[in-house]
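Structures follow.
The two complexes that follow have chain A in common; it is paired with chain B in the first and with chain C in the second.
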Partner chain A sequence: MRTMMELHQSCSNLREYGSEQCLLSKPDGSSTFVQGDTSILAGVYGPAEVKVSKEIYDRATVEVLIQPKMGLPGVRERAREQCVRETCEAALLLTLHPRSSVTVVLQVIHDDGSLLSCCLNAACMALMDAGLPMSHLFCSVTCAISKEGQIITDPTALQEKESRALLTFAVDSVERTVLMSSTTGSFSVQELQQCIAISQKASEQIFQFYRESVKRRYSKIK
Partner chain B sequence: MRHHAIHISVLLAEPHFCVLVELGKTRVFCQVSGELVPPKDSRPTEGIMFFNLELSPMASPAFEPNRQSELLVTLNRQLERCLRNSKCIDTESLCVVSGEKVWQIRVDVHVLNHDGNLMDAASIAAISALSHFRRPDVAIQGRDVTVFSPEERDPIPLSIYHMPICVSFAFFLQGSYLLVDPCEREERVKDGLLVIAMNKHREICSIQSSGGIMLLKDQVLRCSKIASVKVSEITELINKALENDRKIRKEGGKFGFAESMPKERITTLKRDEVPVEMTDVKETASDIVDRTETTAEVVPSAVLVGMGTAQIGEGIVNSWALEEDEEDEPQTEDRKTGTVSDVCFCAVE
Partner chain C sequence: MAAGFKTAEPLEYHRSFLKENCRPDGRELGEFRPTTLNISSVSTADGSALVKIGNTTVICGIKAELTTPPSDAPNRGYIVPNVDLPPLCSSKFRPGPPGEQAQAASQFIADVIESSDLINMEELCIEKSKLCWVLYCDIMCLDYDGNLLDACIIVLLAALKNAQLPEVTINKETDLAEADIQKKQPLKINRLPVGSSFAVFDDSIIIVDPTAEEESLSTALLTVVTDEEDRLCAVHKPGGTSLSGEKLQHCINRAITRNKEISKLVDKVTESTKTAK
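Presenting the complex of A and B:
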């Protein structure tokens, strides 16, 4: 349990994170992503057969399912699914697989803040593991603005509860543009741009992490 | 029979307790939670146990969300029989105020990877999570109930009499061949299935035979002997994992799903906390804000039309009516119309 001192000092830190790829045998790609205590398990199936009602004639259909820890998925999960789906649709080269489906299933193992970011990061790693063609990678960072106006990156659940605004951005790997943003709470235009700039800076760390984990994974192949 | 890598990892934050079980490649995740609810009318002095097993679409391409398949119903029913009908949990101790407030213990099992033998894995996960679960302490003064948070008073474990664990047997060629703990491919071609739920005291909690094959008495007895050996092994493993977790918690070490990720594998990578550079963030932000043009369009102010109705915007001319123009319909408070696209504002949360 972190003390109050530590909480204040860690305002502009990314919590320790880790990931494991290819851990499930059935899905085409799978990964876990852990940020502090928040952990998400992602599984990807694709390109696979799609129901006729959902097929699109020139592109693949992306479906995202978020399963919460307890109970059945509700409206909150549907909102998050939409954010993840739109980011995935922007990154994947869907026109290479018309009339197919790409299904991303995310299971919440533990939620200690920055849930949507962790979902997006896990989804990206799982899509990489599945080998689906993408035009760029994406990662996500959450910023919380505390009541005093301090910007905290990668907040814990406690910090999120005490903040007055919570902003999540998905950033792409080529030009660091913002792919998706999801915000709650009130904040000024200045604070919004600051959070975007901070997210873009923090995303460098995460992309570096992606690169290292993939390099490590394929290091034994001659 | 598969190598039992029963990897049980239990998580950090109270009051959520969860367990991840790996039986070969089959992975199952179980979460136990408790809340205070009014009891059932037929049993006012007993707590409520609620079991829910979900086949996540991640586990197999055949599993679709929100589809009641036969497998799901069978697994749910068998899990309930194994844990509820065997009375392994003392539900009387879950009563707080008789007839008014009891604990409802909810067990959610999620199947993450289907490589066969989901029943065994689910029962192991469920009973381990129940053994690990701690409910908040309560104090009763007359009719008032105070629930203490885990920081104020140590949470209390459930009173579990015994740990029933299911063992599955697959039969082939009309009972002449027997496989313990079948994997997914073996399950697909089996003739019949026998599931025995037993505890380490060699008491059979439930037997279910499906597939329509006829078994001889000595076959069933043989299976029960094999089951008792397996159950004692598995109970050992569970107790060891729980003991490990208790030790780590007492020493104050770090534990949880994050810690249990094996570090020496090539497919895993961990990074420590890194600070984020915030040096010229403020300048970049101000730069962008100054560069953007301010929007010229001003949101028109609301006009109160009557009691409880307000109108924003004028609306375009009604082209449905046959006669000449009608009055603009008064809009409800939070609907915005006008020459801009129709946007409906709903109050969220």
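Presenting the complex of A and C:
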């Protein structure tokens, strides 16, 4: 069952974003998430069997694999995997599936900036598609601070390269608080607070988009 | 009897201490463990340091090698940090290729070096497109008791301050590099980034400098790296439960105070070796 690709032009500073769910037949849940030119394909397997060495007696074990577009996964991918994994662990109700595994595989189709954000958004949509129980949804926004001090949301690869700081935040859907923060470059405390506020505002649009796309998918009116 | 309770219900055991605003090892919620620093521990390395935060022991050795600069940055040298968590330091690390925690820590240290502008990379270049220094920083944990990232940043900073590089000239006739081992120059460190790690318990209580047990029971971990001008170099919270704005601000303030404490420590130790010579 495939849903139409939905493209949403936002009035805030986010690039055009869109998503498609349930496009792969083997994973329990799958999705793509596109932000401008950055595109990520996510597949979720779970709850499934877990190796005895990795099993946790009272919770499910979450594994995340990020495959870059070229080459083998390196240290950079491992750091991103840690961010995605811990965000998913906080959102999923892991105690409902002890001694099981939830595997999230993310494939980078194209990287044009805001890669970690796109990975998190794709992972959330894929987890929703797999029907795994979650206590809240999450979405992610990247902010870049240019050399002049201007804050750009959802930067392209070129804007990221020319910025002096890059901040990625993951926001939860219930209370809009910060779940995950990953930053490079140096910035002041005021700039941090501003970026958090901007990310929380931009996340409203993405959560609205999640809601609409799921509503459209499950509504009986075709 | 307390030991039995601790094994059977570790979370309840910790909660009973947190209710009284203290921790099992007697510390306050905002108190760091005693930090000791030793430099020039490894005589075969160009720069080295050893740091102990409580029981967590981390050592760093810096080896400087000559190489050609990368083609996309011909006038800059580079630093390659590598964090190693051997099975020696804790039973949760198995022998074999580096696990996720070690690799994520390596990437974090590389990002902090880049973000804080610790060393001017152009100073590591000897001749554009021909010769530059590459500093291999090997950070190894000898005893893992929580708060790895803070210890890695301190030990790297101290080792870089301690490092001495020989003067290198290129012989015009043979076009080979000649290193003069008698003349050694220390590295110029621009910034002093210092990290502070926090653990969040039950979504509301924040404790500073968690031990390995506290880390495993916490619901989220946060590391804030500040430099001496109170600018933030990294706010690293790789997921876990959410943190409100005021709590984050509280953590940043604590990190700024910690920066001053550690800068004084590093300066004191560096000065003491100079006077000893």
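In this section, the second predicted complex is superposed on the first by the 208 of 222 C-alpha atoms of A that agree within 3 Å, B and C clash if a C-alpha of one lies under 4 Å from a C-alpha of the other, contacts with A are read in each partner's own complex, and residues count from 1 in each chain.
By our rule, a contact is a pair of C-beta atoms (placed from the backbone, for glycine too) under 8 Å apart; a residue touches a chain by one contact, two chains touch by 3 or more.
Everything quoted here is computed from the prediction, not taken from an experiment.
Chemist: For the combined arrangement obtained by superposing on chain A, do chain B and chain C clash, or do they fit?
Modeler: Superposition check on chain A flags a clash between chain B and chain C.
Chemist: Could you tell me if A:147 is touching chain B, chain C, both of them or neither one (first, second, both, neither)?
Modeler: neither
Chemist: For A:13, select first, second, both or neither according to whether it touches chain B, chain C, the two together, or no partner.
Modeler: Once the two structures are laid over each other on A, A:13 reaches chain B alone.
Chemist: Could you say whether A:198 touches chain B, chain C, both of them, or neither, answering first, second, both or neither?
Modeler: first
Chemist: Can you tell me whether chain B or chain C touches more residues on chain A?
Modeler: Touching more of chain A: B.
Chemist: Could you look at A:189 and tell me whether it touches chain B, chain C, both or neither (first, second, both, neither)?
Modeler: After superposition on chain A, A:189 lies in contact with both partners, chain B and chain C.
Chemist: For A:110 in the superposed arrangement: first (chain B), second (chain C), both or neither?
Modeler: After superposing on A, A:110 lies in contact with chain B but is clear of chain C.
Chemist: Quick check for you: in the superposed arrangement, does A:170 touch first (chain B), second (chain C), both or neither?
Modeler: second
Chemist: Flag for me the stretch of chain C that overlaps chain B after superposition; candidates: 148-156, 166-174 or 184-192.
Modeler: Looking at 148-156, 166-174 or 184-192, the stretch of chain C that collides with chain B is 148-156.
Chemist: Considering only the contact definition stated at the top, list the common interface residues of chain A for chain B and chain C.
Modeler: 184, 189, 193, 196
Chemist: For chain B, which residues are in contact with chain A within the complex?
Modeler: Touching chain A: residues 11-13, 16, 18, 20, 25, 27, 29, 31, 33, 54, 56-61, 65, 106, 108, 110, 112-115, 256-258, 261-262, 265-278, 281-282, 284-286, 288-289, 349 of chain B.
Chemist: Can you name the residues of chain A that touch chain B in the complex?
Modeler: Chain A residues touching chain B: 10, 12-27, 30, 32, 34, 36-37, 39, 41-43, 45, 48, 65, 67, 69-71, 73, 103, 105, 107, 109-110, 112, 151, 153, 184, 189-190, 193-194, 196-198, 201-202, 205, 209, 212-213, 216-217, 219-220.
Chemist: If we count contacts the way the header does, which residues on chain C are in touch with chain A in the complex?
Modeler: 100-101, 103-104, 106-108, 110-111, 114-117, 219-220, 222, 227, 230-245, 248-249, 252
Chemist: In their complex, what parts of chain A are in touch with chain C?
Modeler: 75-76, 78-79, 81-90, 165, 167, 170, 172, 175, 177-189, 192-193, 196
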